[in-house]
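Take a look at the structures listed below.
What follows is a pair of complexes built around chain A, which joins chain B in one and chain C in the other.
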Partner chain A sequence: MSRFNLFLHRTGERLALPKATRSLILVEIASDLEDLFNHYVQQGMTEEEAAARAEEKVDMSDEALAELVRVHSDARGWTDRIVRRVQPFWERFAMALIVLFFVTEWVIGTGLKPFAHLTGFIWPILVIFIALLTFFIVQMARFSDHPSPRRLRDSLATPLFLGAASLVVGFAGAGIELYRTLMNMAADHEHAAPLFANVVLDSTATLSVALLVALAAGVAWFILAGRVARLEDDVTRRFLEVK
Partner chain B sequence: MTDFELETQNLARSCHEALILATLADGPRHGYQLALEIEDRSGGSFRFNHGTLYPILHKLESNGIIDGSWAEPAGKRKRRQYVLTGAGRKHLKRLRSAWSAYFESLFNVIGRSEP
Partner chain C sequence: MHIIQIFMQGGVMMWLMVLIALVLFGIVLRTLWHLFVRGGNDAAVIQNCLDGLLFWGGFAVIIGVLGSAIGYHKVMTVVIARGVVNPRAIWIGSAEGMVSSIAGLLVLAGAGTCWYLLRWRHLRGRQAAR
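Presenting the complex of A and B:
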């Protein structure tokens, strides 16, 4: 591989991708370079000619490199950046403090009263929370079983989906409850004010629980994504070790 | 007409995809094998630069059309090998049909060459 080190180094510098992804692409290119080199040598070229021809054949235009970066950035580029950038201990600590602040503020600020003012939409939110908790526990248990990083990464969308579902149920529920109450208010002008106050109280209580579940989903995603990223880095490091 | 039409602006890309998938339909291949085999089978008409090949292969893989895996035969170098998936076979079928319809339409306009 040393024959093509300079070429690979130059190509790597032009690939604006996370280190693990970039390394795997470079290993693939290196492998093809060697195969092409051997092919051209077998065709009768000198080693210098074969190396130059192989590099020419594998050389990537700026457009091709940009396309390759786009392919690998589409699905996970931004998530990788978030997870990998928040790796140092103090950054993770700061993030945990922010989450803790919100939860504490919610508990102390509301005195847990929201649980006394909930609409029926709390039940699907509760189901979502249980699903999230189960998923998180199962996924964390899988890390000790030498899992495939790819499978784990594929399942990373689940907590985000559950968080989004919680928000959708929360907001849709508030909208439906508000509509129902407005209908009742139109029919009963005398009690309009207390009816309105109650629906606002109940809906915001349900919505705040939905937001809390979404926050929990975000935290679950962050922890799992961080572990998957570290696992991928480990796998890549082991893979790139020269035997 | 077929249920899958080629976009005129993406003909080159679609052609590359069809060439790669048709070659992979015969079995798993490494990147360099794909390029050389396509060049060989087309009598040199389609010369594939590897630089063009990687983005297409990786895009097809991220779309589930092909599957890439690392093979490391004992005592040999690590190599990335690609294989057609079930979705890839269906996609190839649609591409074949679309390209046939495309050439039929083209020849209807420009006519075929005299024997």
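Presenting the complex of A and C:
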């Protein structure tokens, strides 16, 4: 239970808003309160003084709260809002089926052997995948450690970035390989056909891995976003339960 | 050519397209329910649904292009191993490889159109409420 629960409960009662928007605002206020509290404690105040000073600083007039509501309702970016999506059951079920499909395909084998047809661009894509996997594991571990929902939400842009980076490297790599091969084909007419077949083979293998990493990033994002949304709901519920 | 034939040419990825299309259909129904039955008051839920349309539309495109890339990879594996035994089969195979990408783009186009129309209706409702 937070030392600011009573304050947050009172603030929550002043926010006549849909649950999702109210959760967001309360979580952000709670995070600001904790930051201010730590700052004042570091300056030498007692915990009681620091808590009182933090509440005094954060306590908002009705006009300020209305402005906060306006900002959160209208001006948030698309990526921030989609990160906050609370997925209904059927969406989570569909995502589980898609993951199951790719795992099954991987086990059974699709006939795709990307590592038998390496282009140099496979390596940055693998680095991106390792970064994604590490990020996902670290974030999942942080959920059990009473994390700050705001920090977790801020970090949700990372899988999006890694997925986009994988796509960029994959398509750019395919384009560069194709360019090189077409130039070689122009110089060597006799071997044009096998050269072209080989570049398509190599490029599609690299591109497939890049697309799979992008899909994995999408799935990681979907899972983490759902966890963060549920965590924010839990935190808000705890604030509002205090009487 | 029959639509079922074209669908089957897209390979297994087409079944994921169907799944995503069903999810999108559910999201559209949910949005319509909130807009017309519940009066469009819950802006957060409606926005949530609209964002979902774009998320799943983008996902469909990635899966579609992945299907094409895997298809071409398989074709070229055979060509390199056995040579161009039947050029006509290569052209047909290449055309079929496009099916899943086109399907992914069509799903995105459908999702984008629904997003635009539902968002327009939502914004018009909010303006009227003011």
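As a working rule, the second predicted complex is superposed on the first by the 145 of 243 C-alpha atoms of A that agree within 3 Å, B and C clash if a C-alpha of one lies under 4 Å from a C-alpha of the other, contacts with A are read in each partner's own complex, and residues count from 1 in each chain.
Note that in this section contacts are C-beta pairs under 8 Å (C-beta built on N, C-alpha and C of every residue); 3 or more make two chains touch, one makes a residue touch a chain.
The model shown is predicted, which means the values in this text are computed figures rather than measured ones.
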Margin query: Once chain A of both complexes is superposed, is A:Ile130 in touch with chain B (first), chain C (second), both, or neither?
Written below: neither
Note to self: A:Asp59 in the overlay: touching chain B, chain C, both, or neither? Say first, second, both or neither.
What the structure shows: first
Notebook entry, point to check: By residue count, is chain A touched more by chain B or by chain C?
Noted result: C
Note to self: Quick one: is A:Ala94 in contact with chain B, with chain C, with both, or with neither? Answer first, second, both or neither.
What the structure shows: second
Next item on the list: Mind working out whether A:Glu34 is in touch with chain B, chain C, both or neither, as first, second, both or neither?
Entry: first
Note to self: Output check: A:Ile25 vs chain B and chain C. Expected answer is one of first, second, both, neither. What do you get?
What the structure shows: first
Check: How about chain B: which of its residues touch chain A in the complex?
Finding: 30-33, 35-36, 49-52, 54-55, 58-59, 62, 70, 77-80
Checklist line | Sites on chain A touched by chain B in the complex | finding: 25, 27-29, 31-32, 34-36, 39, 57-61, 64, 67-68, 70-72, 74-75, 239
Checklist line | Residues of chain C that touch chain A when the two form their complex | finding: 12, 16, 19-20, 22-23, 26-27, 30, 42-45, 47-48, 51-52, 54-56, 58-59, 62-63, 65-66, 69-70, 72-74, 76-77, 79-80, 84
Check: Touching chain C in the complex: which residues of chain A?
Finding: 18-21, 73, 78, 81-82, 84-88, 90-91, 94, 97-98, 101, 105, 110-112, 117, 167, 193-194, 197-198, 200-201, 204-205, 207-208, 211-212, 214-215, 218
